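We call the chains A, B, C, D and E, going by the order they appear; numbering starts again at 1 in every chain.
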């Protein structure tokens, strides 16, 4: 932030990867030590084992002839995609609540409370309403994340510069124009940012949902193979999830940077 | 936001509670219907049953003479309090990362990736490092929430008006003064806000951690009675958790409003 | 002075709360009547409440006592009839200069169908406006900067965008809060010419707050001085209110006339001099529409 | 003109990138030498790069070519030697007016022990400063507003806080970017007197950007005109650079002298008139320290 | 012979006067006595007698086994199936110290609409995949001439399987264990069509101790066995003390006394060390383990790249070895139960 010197990308890259490399080396050393003691150790697989597990689930069909990783990723991806529809609905809802006092009064306290309810603890109730199928998994994500998104957007809409709203009104903007032409275009990159930051919660609820009742999915696999301590598979799946999330995060960041150049200036 | 009329607190209150009342009525009707069909239904307890369960756990000592709700709340509260130390450490870390390019380079990407790892999926590994006691429960909360707090504070420190930092430097501020006297005082209410918004995740990880190995705690109790589908206890506990979270949220809000009058203006 | 009253401020006061929640009065019983087509400039010491008065007329704030009317109807909210240029140029940061100037036209002529069409054929619908938008950009000297975002502009350039943005809508009443504070003398002169031209063409009513007394006397058909300093002060009052005698269009040379310089001196020495005012019991409200009240 | 050079700008240029990532030049090969104790005022058309030049001297931005030196040493970062008042008053929003003015003293005299003591006995350590702080608040006319937060102030009041905040630190070089843009004439005069007094007492060097030509000539011992309009223009250059003849302290009456009015006219008609400049090949850099270069 | 030697001592400290051991347990009708032993200080008494300290830790089932494999605890309760596919398959050599009971109806297949096992073809079955429930399904289908591929298994978390099944009438079959079965059976339209009572003895509930820890510290085995059979004696007496003990067990399981008693009916407890000893040394155990290890192998539970069900060796009290003699990871040890039976503790 204070640096005025030109950045040298070489040392930058080195710094950026330093911790990753350190962790990998430490882990590998630790795993190696454990394997010296117990060659059958499954709890702390070496990187070779993880790579092997990853390759197996990616390139070799399993007992039932499916390519697991692909299958699981597609199943989970679909659930996330569907829940995105509701997430963006939440953005809209938040903007409306921020602008209209009646909606503010009606919904704000409610969502504030609702947001605090740990959804995972009342799953049985969700089952009653949403069944055991795909609906309940998407519902879990939605219930877990959408209130947060709504509240976040609401706060941003509330913090929207009054003067700009007033100016738009003096230029004959209707209320829905204020939402769609003034507020949303400006808070959209912020909303993307907050979706990005909440992606972790989305993954968390996805995994929890899949742990409850599923036949495929990244979370499903992690919980099933836990039954025989296949930490090699679990860790390789977890890294895969981390990597996908990271890429999605970076993708959204890049998109924001390219598409919304005025943002963060 | 657009309203310029004086607020009438009477209709406001009515609007605020409307949805709560509606949900309660709908639920009670639904529960009643189920109980007509099956008087022993445990899944959808009526409010009378929940109140009864709540009263029992609050005011009647159990076999060991402990008041369960109090006991559980204290145990959980202690865990949350301890994890708060790390959360505030995260705020500091974020501020440092935002100000110092070297720390930025070194940690940003790492935390970005680390933040994406679903901690719940690698619990066995956590056991190895943190054991089974209180440490692992706090560690789960910390691993789950602190990276988010760090990243959030980091972004805010990055977005801190350059001009004010420059001005402070012209007034002979050292780097640590910039952090402690310029940046932190100003982003502190924002950090409180983001802790407030992440409280939900804290509760989530608390409950998950307590479900694994504990002898008391709100999550522990929910997990124990879950097998018997004692939904009356579960729901009353969940509402209790929601209520506590809500009060903490409101408390922080009030604190911010009183203590940081300049904030959000 | 002809024309009907377009704006009326009737005994308006405004109170704010300070940090210890104590109320203090900013404007005290302001009475003001403005006829259609007037160009009213408002000067006064910093913090006297000029922006506050403008906000009340705009409708974004209600007086704590008294009324503000436009065309005999109370002003409850901002609307299409009153345009505004804020002291802190508040542009839409997410729009380029061109889009910022165009947005008003888009908002006014909005149709869902047109918007849809426009999503499919970008720029199609907006073509219609482009001549007009470019003309305004030209007038404020920003034609080459049309595709920049506000963050890429200097303070003066942003302010000019805000002016074009408000002017292109040709509102019946235009409220301007120190619009030229950040402009150099040359650019200022150009903007003056531009504004006066449009004002005469459209017959708009303009309320213009400024600190530049020369500007106030040169632009205004009527000058109002607001001040919080007077005997027994409790919120600002109108302490001067008078017409300027030169017919528009005025030549730059009027600035060198003795009467012109005298007027500036009078404002400075009487209207803005707190020592002088603190000894005054009555104010020089020589304007025909000025409302005389015991202070 | 005596005294050593405190600031030197050697062939400095600055380039920015526009929205399509194309570079464009804002400042073109600026050469400037400023002696200790000078009061340099800088004028120029909007967007010509005055703020950019100030930022380069401040050290918050590096020139894309050339050097900026203070006391013969290159300026790499902002530091305690150069104070600043920004065009957009950037106060610390989380501090009251009094705390904003005091913060510099606190920062400079910081000790962990003192800070701890202060947490235990609030206000204890800061007592020492309170006389000085109050004196400065008094001078900028904000003593009664000491406990307000910036959001509760009008634009002009905020700017005055920023001025007191910078002045109380008595930096060797003070950089000011249109500090009085939002002030009314009366307040402006007070601020002028205040600044000139401190400047003479401390022997500070001041660089002062303004749009008000009267102010520029009245305050400055030296006036510099920057402009982007000249033959074959590619970034702004210094197009005028001259001394003002009146010794300080100056009386307000110099403003009425013919020479004074002439200087203003010359600046307006030559320095700020683009038509005139576009036909000039050489500039009137009559100042003894002005560096003559083929444009 | 134990390769996991050093690491498993991680939790046993000798810092104080006496060695300290950690034992994990989870809620299940056959394991509640451990909690009673703890609460009634019987366990503490026996630990003192042998000069050690024992800490009993209550955990969720799978995490408790994970903690055991990770070396966080020295002993843990688990079924014979998990003992084989979790610690043994991970190279943590383990000994079954006490055979407390076998499931005699505690695991069951329940259906709606009067469906029989044969009718399940093409239907969804809710169960915890790769758990004992999965094994039960496999055996039930086998006995009815069906294959696993004839049904669709929906992996459903044990914590929510009961409400999930109850609240969704579209789900027709579920396999789970008690107390969940009891709850589900309260539904009017649900019938039990297969249970562990049809394959008695195949699912055994064991106290598993790290082999090398037990070898180095036989006093841990003595104390645990002694405490266990003192509790068993109380439970068998059927007097007021029994009622009190059962009440405490029920409480910590989170159910009513009556519910707990009902669960015990489908749990074949070996109340006397003698009966446990007899069963442990019988051929039945070897036969059961053979079913289980084949199931584990065919479902990849011995490791995805295991080549044969013989990969892991299991040694029985009579010295008989099942599987690889060079890789014995699971021992059934009857010597402590024998000491208890002979009142030598």
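We take it that a contact is a pair of C-beta atoms (placed from the backbone, for glycine too) under 8 Å apart; a residue touches a chain by one contact, two chains touch by 3 or more.
Computed from a predicted model, the values in this text were never measured in an experiment.
Trainee: Could you give the fewest steps needed to travel from subunit C to subunit E through chains in contact?
Mentor: Shortest path length, in steps: 2.
Trainee: For the chain pair with the highest number of C-beta contact pairs, give its two chain identifiers.
Mentor: Greatest number of C-beta pairs in contact occurs for A-B.
Trainee: Are the two sides of the subunit A and subunit B contact the same residues or different ones, given that same means over half of the numbers occur on both copies?
Mentor: Result for this pair: same.
Trainee: What is the distance, in whole Å, between the centres of subunit B and subunit C, each centre taken as the mean of its C-alpha atoms?
Mentor: For subunit B versus subunit C, the centre distance works out to 48 Å.
Trainee: Can you check how far apart subunit B and subunit E are, centre to centre, with Cα atoms defining each centre and the answer in Å?
Mentor: 37
Trainee: Could you tell me the distance, in whole angstrom, between the mean C-alpha positions of subunit A and subunit B?
Mentor: Centre separation, subunit A to subunit B: 18 Å.
Trainee: Report the inter-centroid distance (CA atoms only) between subunit D and subunit E in whole Å.
Mentor: Centres of subunit D and subunit E (C-alpha means) sit 81 Å apart.
Trainee: Please set out, as single numbers or ranges, the residues of subunit D touching at least two other chains.
Mentor: Those would be 19, 60, 77, 88, 149.
Trainee: Where in subunit B do residues touch two or more other chains at once?
Mentor: Touching at least two other chains: 2, 43, 124, 128, 162, 169, 229, 231, 261.
Trainee: Check each residue of subunit E and list the ones that touch at least two other chains.
Mentor: Correct list: 66, 69-70, 160, 163, 167.
Trainee: Where on subunit A does subunit E make contact in their complex?
Mentor: It is residues 34, 37-43, 53, 56, 63, 123-124, 127-128, 131-132, 211-215, 220, 223-224, 226-230, 233 of subunit A that touch subunit E.
Trainee: Quick one: which bits of subunit E touch subunit A in the complex? Just the residue numbers, please.
Mentor: It is residues 3-7, 62, 66, 69-70, 85-86, 89-92, 126, 128-131, 152-157, 160, 163-164, 167-168, 170-171, 296, 300-304, 329 of subunit E that touch subunit A.
Trainee: Which positions of subunit E touch subunit B when the two form their complex?
Mentor: By the definition above, subunit E touches subunit B via 22, 24, 27, 57-60, 63-64, 66-67, 69-73, 159-160, 162-163, 166-167, 179-180, 183, 186, 188, 247-248, 251, 254-255, 259.
Trainee: Where on subunit C does subunit D make contact in their complex?
Mentor: Residue list for subunit C touching subunit D: 16, 18-20, 43-47, 51, 87-88, 96, 147-149, 152-157, 160, 178, 181-188, 211-213, 268, 272-274.
Trainee: Name, in rising order, each residue of subunit B that touches subunit A in their complex.
Mentor: 1-3, 12, 15-20, 43-44, 98-102, 104-110, 112-113, 115-118, 120-122, 124-125, 128, 148, 151-152, 157-160, 162, 165, 169, 175, 197, 199-201, 203-204, 207-208, 219, 222, 229, 231, 234-235, 237-239, 241-242, 245-246, 249, 264
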